[in-house]
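Two complexes come next, and they have one chain in common, chain A, joined by chain B in the first and chain C in the second.
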Partner chain A sequence: MISDRRKNALIFLIPSLILLGVTIVLPLAYSFFISFFSVDLKYKGLGAFMGFGNYASALKDQYFMGSIKTTVIFSVIVVVIEFVLGFAIALLFNCKIKGKNIFFSIVIIPMMITPVAVGLTWRLLLHSTLGVVNWLLSFIGITGHAWLADNATALGTVIFIDVWQQISYMVLILLAGLVSLPKEPYEAASIDGASRWQSFKYVTLPLMAPTFLVAILLRLITAFKTYDLIYVLTKGGPGTATEVVSYYIYKQAFTHLKTSRAAAMSFILLLILIPVSYIATRILRNRNEG
Partner chain B sequence: MKKLLVIVLALLMVFSLAACGGQQSGGQQQATETKVLKILMEDLNATDQVLARLDDFEAATGIKVEAEVINYATMHDKLVTQLTASESDYDVLVVDCYWVGEFAEAGWMEPLDPYIEASGFDTSVYLPTMMEMVGELNGVTYELPFYNYMMALIYRPDVFADEGLHKAYVAKYGVDFTMPTETLAEYVQVADFTTAYFKEQGVEMYGAVHQAGRGDPIAIEFCNYMYSNGGDFYDADGNITVNNPEVVEALELYMDAVANASPAGAAGFNLDDAYAVYSAGKAASFVTYNTFMPVLDDPEQSQVVGLSEIANIPGGHSLNGGWGWAIPHNAKDKDASWEFINYIESFDVAKLRAEGGSAPTRSDIFSDPDIMALYPYYDTVLDIMKTAVMLPIMPDSTPLMEIFGRELSEAVSGNKTAQEALDQVALEMKDLKR
Partner chain C sequence: MATVQLKNIKKIYPHSESKQKKGLFGKKKDEEPEKKHNLQITAEGTVAVQQFSLDIADKEFIVLVGPSGCGKSTTLRMIAGLDTITEGELYIDGRLVNDVPPKGRDIAMVFQNYALYPHMSVYDNMAFALKLRKMPKAEIDRKVREAAEILDITEYLDRKPKALSGGQRQRVAIGRAIVREPQVFLMDEPLSNLDAKLRNQMRSEILKLRQRIDTTFIYVTHDQTEAMTLGDRIVIMRDGFIQQIGTPHEVYNHPHNLFVAGFIGTPQMNFFQTRLECENGEFYVPLYGTRFELNEKQKQMIKERGIEPQEITLGIRPEHVSLCKEGGVEAEVDVSEMMGSSVHLHCSVQGEEVVVIVSGLELGEEHASGFSHGEKVRLHFDSNVLHLFGADEVNLL
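After this line comes the complex of A and B, so read on.
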């Protein structure tokens, strides 16, 4: 009986497996294969065999390594800010507030907009001479600051815009976690005479810990792959101040047309992300089994 | 029975997927039968003038043309993915002058000579500089020139005529100035001074505005400074000269102008940002494409109608530029593609486009009395073109501009000195195929 069910399941899975194989596994395997050659889109064929040459030259490339550093700084800061603010907002939405649904809709609006539209809108808002932001700031004596063109503020501005857009994702996950928490531990805590702060510290936080980890790790993975916002806002500039690794790899592939090099860099990025995604899936599985 | 049902359902899923794919290719086949040509074009006036002629072309030939109009920044990368495929979605290409070496090296453009010969198209009507840039390469005609975008100095004589400005300038430097100035150094000095003067007067007017954002904007704009100061990427023997003293000096002048003449934020501006400042009447000069003159005189797109004049870059060497029409090597119906190019570049249609403000490439359009009456400054454009310099045509010109744009941005944002930035460009240029 079980064997029959398994067979049936397998038959139903075949189309999806074929689809996944064709769209994910094959391209991944092919890009791994070409990362050992010197494919240049201008020319036909694989070019010379390079062994690990593309990997070695990527690790020696100061701009590639610099872009990884920028990506780590960007990802860590956005995730920390989005987590802290996102949790605060989720806690607020978990309370009984009048008109909560209206505020909730407003908070999740940025998540519905594509990053390209967000980038273009903020680019206009932040225009140093014609933008609304500087016009408003001029009333409190701050005039004509170049938010996206100044080394000191470019990355910070991109981080702000990313937080503005992505915080709703964090709010959604954390709020779902809060809503699904069991009531019994709170009742037990209140019988034991725990204050609101104590039940938050000793009940909410420990129960939310797995949700925290999943939210942080999933967001870390997506932050690490940020590309579109940088493309629209700064093109990696000024200089290399906002050049993140996905944007750098994209340039190698489609401007320099060095496909093999870009493939090798992508696998280095994958090596960085695999441990993070492994931990995230382990936690998710433990949680589901628990 | 149950097993049979499961197998039938699974097969149905597989076939429905296959059917989806089949429908798509069926759609493409139908498109070829009704002759629909697709083109990827940049969102600007020259494209609008082509779009305005598509109905006439369809009426004359029965061929429908669908143009996908997008922002310049994504065009190259979008084209590359199409050109490396076995069949292209696009049937006609518009090619920027600095992609020519790359596209020709890769074999992505169909040689046009057989089509030109068969249809008797006279290519001698084009300005020689345009044919050299976006026409022939190594004796093969790959393109017909579409429009020119040679750069120039666009400026506001009314602002630079300000009496107080001249008095203050003489008081500081002991000599007066005339705009356009003779040299690049003098231009930067006047632009810086103008910004400072109007700031003191409490007026928001900048001596110049720059498109110094990383990538193509800064690379293209700075070429005008580099050429006008006597510099270039390579010398006649092919040696790299991009970090020679005259280029370093040009970059120092450019950095000075971006920091002191332009509005804050110019180091992140692209063409649209800089144009917005100039067309809002907040800047007195702008090194930009000559094709913007008609746009600046259009009340719907500008607040400075009739106030601008065009001149050569101080120092005398602007960046020459242009776009060409080509047929992709993997086009489905090359004869239909040529029919469109042949039509859109014919004298009558080219004249209609030019009347709408598309910058000409044919000498017979430049000398046409109707066109000259509409755009009297074309005399100046032709003069500037005599000394304009084009980017090197080489297989790796796109990476060259990307590296150049990155390092120039490093310099204007204060991360590197002019010499350090240009030394890095020279170092990376050694790996580029010329």
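After this line comes the complex of A and C, so read on.
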């Protein structure tokens, strides 16, 4: 039997459940369904039943596999840089410094800007002839480099811009973790004879480990899904230098109109991300219980 | 083993500090452990401790006791080096240590909430300080196991603090302090998070421990029973000032002022507003229509000190009030608390509450399980153990 309390809770939940069902569960189920057919937006209907054919062909598609490789490279580099820099910044904010709140506001501004605006802004800044970046670089003898159009620098530049925008997210999570650390172990450590470095090494780092993991995994998931920034900055180019998997899937669905194929690829991406998010939620749950 | 000297120590928490302590997320980062009600607030900040002077002898067990916010923990933290000293001098073993960081003071501290390293096993918690000193592994192992043996926690050495009960955690915290073999052992309300039974048990263990590791102890508590049972000397504090320093016997039998008299002893001392009168050169205290004649010693002291007749607060401890069949003062029983070996009677005499401790032996058959509400009794006050406090709340005798 459902208790009255639960029944009341359910009544209040129904509107959001319907909304979530219509906007998330239904499209998800539908896309899963069509991933077994050969829906092509140029034609009417579901097309032929393909079974796992779309999945098999996606795995054989060298561009798809290439885009996954690019995504992995992009995500790992972005997360490593953001983590190291972000932790350093978080440590600074955790100290007593004057004007901390002002600096903090500045650091989190990029997070509040939409990726499209960030992309457009940086495209202007990095413009090979009109951009401020190249103008400034010209003073030290570097001239007219097309940062986003050069195969060698495109991915690096996208990574730089993503770090610029997303680092505040890392700072925020890590700082929240630092602030919530108990202060007693530090006092105990200082009495036990630990130097500041030893306190950091033996107290801060181990106590922060769960936060580190959560921050890294959450950021890894979002980095893996990066799409908007790529769309605005490079459209996957030059060539396929910056073609990440989300953008490749988008292209399959809306440029080539191969909806079923794109759906199958999306579910492959989902399969890659499920273990990562599972680990992240497990850690979060353990931490909340502990 | 070391002497500790505190000379005119003062601690001011600057006003701005409380603002700075607000973290980025609006959460107070360093929450003050104690509320500050009656502390002096100056232009510089809140004065948590002032005029604190105390000489602690080598191997002495000193207890700082007082209500919340009296400055006892702050004093201990200044001795530990966790809080800076605003004014005054602190010497450990004859060395001025005001500006020496905690690790240079050769002290160990047991915290109220244990402050164990949550990510380390019990063994590593205890070994941490020794590892930092780069002590050989074999010796660390010997010391940790020895301390664990003393504290009866050998079987938990591999566990994390999370898997231990409060009492076990506190033992680990004590163990962590023991292995260091410090010059001074500081304890900040170590038993206050434990339940009553465990607290009693740990109290006697601390006494045993003290006999085993003969060193200087400074112990902070708000529990006067702990203070009385543990301390060689007790320092009673209130609102940042020392009220009295003395042996448990001294502070109990000769409280310096009204506060100490009320703070030390359970149930609390009975107080009566009355007068010190003089008739034909003989001093007496009138109370509920009877006359308390002072004994020779008391009269002598009054003469020596040239004390005049005046308004006073009369203090009588509950155990110095007894029941009598005739004479005395009539009272009505409000509440009778059966304590086992004795009964605490809360009586009302002319609208005022008087607490009486009646020992089990005096109870007799009919009152074996206490007294009933509204029962009439007669109280006898022992005039030999009166405490007279003047208008300034200081003990006159």
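Structure notes:
Just so it is clear, the second predicted complex is superposed on the first by the 288 of 290 C-alpha atoms of A that agree within 3 Å, B and C clash if a C-alpha of one lies under 4 Å from a C-alpha of the other, contacts with A are read in each partner's own complex, and residues count from 1 in each chain.
The rule we apply is simple: a contact is a pair of C-beta atoms (placed from the backbone, for glycine too) under 8 Å apart; a residue touches a chain by one contact, two chains touch by 3 or more.
In this text, all values refer to a predicted model and were calculated from it rather than measured experimentally.
In the superposition on chain A, A:G66 contacts neither chain B nor chain C.
Once the two complexes are overlaid on the shared chain, A:G156 sits clear of chain B and of chain C alike. Contacts of A:N101 after superposition: chain C is touched, whereas chain B is not reached. In the overlay built on the shared chain, the residue A:A176 is in contact with chain C alone; chain B does not reach it.
Touching more residues of chain A than its counterpart among chain B and chain C is B. By the document's definition of touching, of the two partners only chain B reaches A:A241; chain C does not.
When the two complexes are overlaid on their common chain A, residue A:G47 makes contact with neither chain B nor chain C. Chain A meets chain B in the complex at residues 8, 11-12, 14-15, 18-19, 41-43, 63, 123, 127-130, 144-151, 154, 234-241, 251, 254-257. Interface of chain B with chain A (complex): residues 3, 6-7, 9-10, 13-14, 17, 73, 76-77, 80-81, 84, 102, 105-106, 204, 212-215, 263-269, 273, 276-277, 280, 282, 395-396, 398-399, 402, 406, 409-410, 412-416. Those residues of chain C lying in contact with chain A across their complex are 20, 23-25, 27, 29-30, 80-82, 101-103, 107-109, 111, 113-120, 128-129, 132-133, 162, 176, 180.
Here chain A touches chain C in the complex through residues 93, 96, 100-101, 104, 175-176, 179-180, 182-185, 187-195, 198, 202-203, 206-207, 209, 290, going by the rule given at the top.
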